[in-house]
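Read the structure below first, then the notes.
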Amino acid sequence: MSGGALPGLPPADMLLVLAVILPLFGLLPLLLLGSRLAERLTLLVLAAGLAVALGIGAEVAAAGQAATAFIGGWRPPLGVGLRADGLSAVMLVMTAVVLCATGLYAMTGPATPRAAGERMPTAFWMLLLCVWSALNLVFVAEDLFTLYVALELLTFAAVPLVCLDGKEGQIEAALRYLVFALFGSVLYLLGTVLIYALYGTLDIILAARRASVSPGLVVALAAMTAGMMAKAALFPLHLWLPPAHSGAPPAASAMLSAVVIKAPIFLLVRFWLDLAPESLAVKVGPILAGLGAAAILMCSLVALAQHRLKLLIAYSTAAQIGYLFLMFPLAAAASAWSALAWTGGALHLASHAFSKAAMFMAAGLIAEAVGHDRIKGLTGLGRALPVSVAAFGLGGLSLMGLPPAGGFVAKVMLLSAAVHLGNWWIALVILIGGLLAGGYVLRVVVPALQRPAAPLALRPVAGWREWVALALALVAVGLGFVPLEPSAYLAIGRPASWAEGAP
Amino acid sequence: MIALHLLTGLCVLAGLVFFAAGTLGLLRLPDPLTRLHALAKADNIGLGLIALGVLPQLVASGAVLAAAKVVAIWLLLQLSSGAVAQLLAEVAFRDSETGADDPDGAAAEAGEP
Amino acid sequence: MTAGTLGGSDLLLLSAILVPLVLGLAALKPWVRRWGPTLALVAPLPALAAVLLVPVGQSVLLVPAPFRLTLALDAPGALLLGGAALLWLLAGIYARAYLKDDPERGAFSVWWLLTMAGAFAVFLVADVASFYLAYALVSFAAYGLAAHDDTAEARRAGRVYLALTVLGEALLIAAFVMLASSVSGANPLIRDAVAGLAQSPWRGAILGLLLVGFTMKMGLFPLHVWMPLAHAVAPVPGSAVLSGIVVKAGVIGLIRFLPADLPLAQWGMALLTAGLFTAFYGVAIGLTQSHPKRALAYSTVSQMGVVAAVLGAGLAAGDAAAPSLAAFYALNHMLLKGAMFLAVGVAMASGPRHLRLVLIGAAVLGLSLAGLPFTGGALAKYAVKAPVGEGGAGILLALSAGGTTLLMARYVLLLAARGKGADPAAGEAEAPPALLVPWAVLSGVAVLLPFALFTPVTGLGLGGLFSLEGIIKGLWPVALGLAVAALLYQKPPKVSEIPAGDILALTQGLRPALRGLLSAAVRLDAGLRHWSSAALALVLVMVALAVAMGEPQWLQPLWP
Amino acid sequence: MSLAFDALLCLLALLAALRAVAAGEGFSRVAAFMAYGLILGLVWVRLAAVDVALTEVAVGSGVTGLVLLRAVARDDAPAPLAAGLAYRLLAGVVALLVFAGLAAVVLLLPEPAPSLAPEVARHLPATDLGNPITAVLIVFRALDTLLETVVLLLALIGVWALSPDRTWAGRPAVLLPAPWSGALEFLARLVVPVGVLVGLYMFWAGADVPGGAFQGGAVLAAMALMAIAAGLLPRPVLARRRLRALLLAGPFGFLLVGVLGWVFADAFLAYPPGVEKAVIILVEAAITLSIAVTLALLVLGPPVAEETE
Amino acid sequence: MSAETLFGLAAAALCAIGIYGLMVGRGALARLIAFNLLGGGVFVLFGVVARRGAGAGFGGDPVPQALVITGIVVAFSATALGAALVERLAQLRAKGGAPSEEPEADT
């Protein structure tokens, strides 16, 4: 048992393992149940999982050090270790909240469209739990091969989600997503085998301790980073994201854009700040930031030119991912300001998750009510669907980086770090990104607030689903009240080591 | 001992000859049925001879179980290649019968194992 | 600094902001929105009370570190807050009558209340982060007032306004980040941040961004294009508030963020020249306008130029008194301009006989703005003479007063035309009292209030003004302006009307270029999203990463 | 002498791989890929990893090849035009660059190769298993294996989710569209029982000699498919509870044993001391059963229209 | 030139061929096969590392060999999912499904 367990809460290592296997416990019986029972069981598991995630967060805060667990009692390098430091705990809680909201949003209520048969709802609930288990594992696993299996579990759950409606365009998008993601994960595997060949261990922390700059490590990190960039759809590797995220059913695209896309990014942060030696991180930082900047500028411009609402939001995801890559050169430099950049990046990761999930849910409700996805036909919608447009607007507010949203605080933190570390072009890109985000958000919100030219014929939409979207948007706004200083919570468990806790 | 090695060498060599004949038949013969005929016959006898050649070596070195496995493999192959050849022949025959034989001999190509 | 318990005056300061904000958000509910216009009357009262009761210099820490949300009432803030509260109250009464048969008045009142909350907050907050929050609130909520009518022109004006507002926000956040980071701690007070400006390494960049960001809100050339568009399309009470108060957010920004005691000659001169140029430019374009509201909008551009000039002079000389004098001038402009916009509405609604009365009132307001002796405007002009000094700038300042007189004459002329032709059915009808009374009260206050405030703000006696030499100095620019107006009235020159947002027309050329850029981006994106290019890109990225991390000596064995 | 054989083996593998990439037509590409898989099986034997050789041949080229063959047969889309010569040259150059990088790294691998073999040897007796690979799979890295069974199940759920709504509870499509053939039935009647015996033996022997759950499961799946193709067994109705319970046996069983680990051995997926071998065999049996059913259903594909045979 | 180095270079070559196939491959099936080739190459690399780490009475380090078994099964499930997607796509296209919203030429 490691770390001082909070009274009343089960020990930290049990919670860690629970976070991974609880969704599996929920998933497996679903095969035997009908879709109504499946829904109820999933919502129950979602609630329990949220409690576990919050428990882990509390344990890490109370113990002031990372929570650790060893599978089967075997310590690395032989066994597999799970470890949740400050950042992992934040990611676990973020994922739990977003997926609970998605569950509520996708719940069949009086006004939700009747699913044609058992296939869609049952498959959706199973895939949701799989996504959750995989994400939790990605955030806590410290073993490179376990991370590979977790990433594959995530991809195999995300691909069917994309083509759940079964239309031809979506299946083509899902196929393209699957094969490109596989290309990425096999490159990651190539990196993993080289790391094992060099250091005889797959554990990130032990490998980091033995890591020294050598051709093998360089090729390994290059392959792993390229693989993760392919799975994170960083520009110019974003071919699969727009069709996949816009084609998926609304609840699924909310999940995909908000949390599934964050797993490979989290791993990149894990590699470049825990595993790789400082000298390599400084060399690679500019390349990652350069591609991130290209992503922000290019994908925002293309988002401005989109005619369909969901495609606009999907391109916005591709652009916002660019911000997260701007963090690497800032966080790699060993200075007080890099801690601020590190906090800004984590905050952007979280606030983008909440605001993007809210925007996709709102877009789904708007498409349901109006019957089409074209931006042109949305004039005057603000009066008909005020709550959905408000959710979309508040989410957009966070993307634009305007106070009082979380996106604003993250932008200020990254800007301050960029200014102090002298990366002027990063500061400029952040500002231009905010402008372009303003462009493509206001392009939808402003016509919605005007008076409709012709009265809109709307199909009824369940009120509580709109409030779920608005609640998520309000959480993104709530993140705006995070203090503008390096967060102590995120510093727990850094630099990573197994030393603390049980010897 | 020398006789043993001689026997093994001879058998394996003969087996190889049959395999070569089978492959030559595959490349040279015109239509699927005759190719199947060549392959099924030649490869089976080839494998039989090689198994025959290897058996004494194994028995001599005391690995009786391995020898039994080699024989089992040979038997399984007899069975499966015979049945598969039969199936392919049925398909080839039905295609040539119904004239579904595509002009560019795709069916013939499909006949190839 | 009463951090713990919130005293009576602290609560008053807080409620000045919270009451309009809460009412505005509550008005989102349909049944509250029906009472919107009446709520709009109640909302400014706490602010008015705060200005009257709370001693100047009082500040309250709402949320302790690391947020440090603080409100503070300093001299310029109190002046502008008082004027704003008064104008919101009277314009609110006016708007209730003006919009009584407009179906969308509920929505208008939501934007009205939110802009009010933002405006009061901008004048009160004392820390950087909440200033940015208040500034963003007043800027984006004002969009609702501008783009109220559902006409194509209103939508275009709204788009231009939003584009420039988002640009302004980006510039300001960059400046605030650099400003705040020179002081330790998460969210410094504006005072401390500005104090740290002297030795901050990016002083030039910060000042540049601050000046551009705030003068864009004030409508200084060349970033004034949005103001004539927005103020012309807004309904009359909306234009009054936009031109009167929302523009002052830029003024208070400059007052707060420019170092009072650190003489910066070049930045000061730059602001001074830009201000003076805008003063004359506004008058020149305003004269060609055919609608009284657009003429007034250009007059605001011109007057804000004067305020910028005053602040520039103060910055150049490091004169600590300049900000409060500029605030006094801005207050005078706020009330006069508000009254003039309301006059347009009253003129529209009254028949020919009553129109004469309205025209006389408007003329008085115009002359007061121009600085005719014995009017409030003269006091304002006299007050700002000190920082600008007697040199070339002083003369130009006086000349701009002449220009303003000319523009005001044009405005009265347009008002007369507008009055007769606008509403023949009005016949002998008199403007409804709900419009007439608030306008009359506002005009009276606008002309007389400076007399009460002159000595406390400037510390000078009134005597100097009423001396013969003072009268002469105030009179000749006005006389000159009237003479030229009479001359032009005889032989009106054939000058075609310059479209509102004058130099915006130049940007029409930009539109196809922008569209070209978008389609190029889409084509590049479509190209990159083919499988062959993406797969190749992935492998090239891997190779690039490896090469970037590699060291040259690893290739040594290849060529020993 | 053996180096020459290894070189020949490598050459064959490269040729098969090149053929699989360069072949124009879908079927010959899959045929080349299956040949590649079998040659890799030999490579694994040469690398002294018989367990992996079994898995590579059974799953890597056998079942994968079967799935690809089925896909080639059903995907009658016209073969899209090949990439331009310039692009192919560029791709070739880049591939060579990657080869050079990897080859350099392989040549520069550290000489006393770091290895966990001694670590495994030290802890092997605690698991009282003979086969170290099974020990690593089921004991030391048990979480990977648990997740792997879930991955397989998830792939099946993904494949089933592709069916149209109305046939969610139907039967999978016919595997072999040919009419009944005596030869196939004869072959099935003879080989299936022997195959099942071999599969069970491979699972049972996995504890001590090369073999194990995955290899045994693959052989059992093959036998099931042969029986269904020959008509000895009907195509299963996918919504039947019993079939789905079989699917769950592996992952759920493993999960339950893992949770029991908390109770008896104070760590998740730890085996109660003293009865490790029995529990491990039990778990492996459940996994073998589930893998056999899952692999078979994956090859059979999504449920299509309900047919009255 | 030991056997391990030979197989190591062969594995590197297989990876290169796989990557070439993934770049040049036309149509999803060709790419799936190229993915399996690349996967096979990486797994042989695992095998070489295992063989180099032989010792303590084993012919090869059991940990990477166990990983390869897991990897092969995961690669198979990926290929099965991909193949099912390809078949479903062919089925829909054969039924004259409406072309997807943006007719992207899959060149």
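By letter and in written order, the chains are A, B, C, D and E; residue numbering begins at 1 in each of them.
The rule we apply is simple: a residue touches a chain if its C-beta (ideal position, glycine included) is under 8 Å from a C-beta of that chain, and two chains touch if they have at least 3 such contacts.
Everything quoted here is computed from the prediction, not taken from an experiment.
Undergrad: Spell out the chains that contact chain B while also contacting chain C.
TA: The shared contacts of chain B and chain C, listed by label, come to D.
Undergrad: Most remote chain relative to chain B, going by C-alpha centroids?
TA: Checked the centroid distances; the maximum from chain B is C.
Undergrad: Which two chains does the highest number of contacting C-beta pairs join?
TA: D-E
Undergrad: Which integer distance in Å separates the CA centroid of chain A from that of chain B?
TA: That gives a centre separation of 56 Å.
Undergrad: CA centre of chain B versus CA centre of chain E: separation in Å?
TA: Spacing between the chain centres: roughly 30 Å.
Undergrad: Per the centroid of Cα atoms for each chain, what is the distance between chain C and chain E, given in Å?
TA: Once rounded, the distance between the two centres reads 64 Å.
Undergrad: Rounded to the nearest whole Å, what is the centre-to-centre distance of chain A and chain C, using the mean of the C-alpha atoms as each centre?
TA: Here chain A and chain C have centroids separated by 41 Å.
Undergrad: Please list all residues of chain C that touch 2 or more other chains.
TA: Expected reply: 529-532, 535-536, 539, 542-543, 546.
Undergrad: Hunt down the residues of chain D that sit against at least two other chains at once, touch-wise.
TA: In chain D, residues 83, 87, 91, 94-95, 98, 101-102, 109, 113-116, 120, 140-141, 144, 148, 151, 154-155, 158, 162 touch at least two other chains, as defined above.
Undergrad: Give me the residue numbers in chain B that touch at least two other chains, ranges are fine.
TA: In chain B, nothing touches at least two other chains.
Undergrad: According to the definition of touch, which chains form touching pairs?
TA: Pairs flagged as touching, ordered by label: A-C, A-D, A-E, B-D, C-D, C-E, D-E.
Undergrad: Of all residues in chain D, which touch chain E in the complex?
TA: 2-3, 6-7, 10, 13-14, 17-18, 20-21, 26, 29-30, 33, 36-37, 40, 43-44, 46-49, 51-52, 55-56, 59-60, 63-64, 67-68, 70-72, 74-77, 79-83, 87-88, 91-92, 94-96, 98-99, 102-103, 106-107, 109, 113-118, 120-122, 132-133, 135-137, 140-141, 144-145, 148, 151-152, 154-155, 158-159, 162, 212, 214, 291, 295, 298-299, 301-302
Undergrad: Going by the contact rule set out above, which residues of chain E touch chain A in the complex?
TA: Touch residues, chain E against chain A: 15, 18, 22, 28, 31-32, 35, 38-39, 42, 45-46, 49, 52-53, 63-64, 67, 70-71, 74, 77-78, 81-82, 85-86, 88-89, 92-93, 97-102, 104.
Undergrad: Across the complex, what residues on chain D touch chain A?
TA: Residues 101-102, 104-105, 108-110, 113-116, 119-120, 123, 139-144, 147-148, 150-151, 153-155, 157-158, 160-166, 168-169, 241, 244-245, 247-248, 251-252, 255, 258-259, 261-262, 265-271 of chain D touch chain A in their complex.
Undergrad: Under the stated contact criterion, what part of chain B meets chain D in this complex?
TA: Per the touch definition, chain B meets chain D at residues 76, 79-80, 82-83, 86-87, 90-91, 109-110, 112.
Undergrad: Could you please specify the touching residues of chain E with respect to chain C in the complex?
TA: It comes out as residues 19, 22-24, 31, 104-107.
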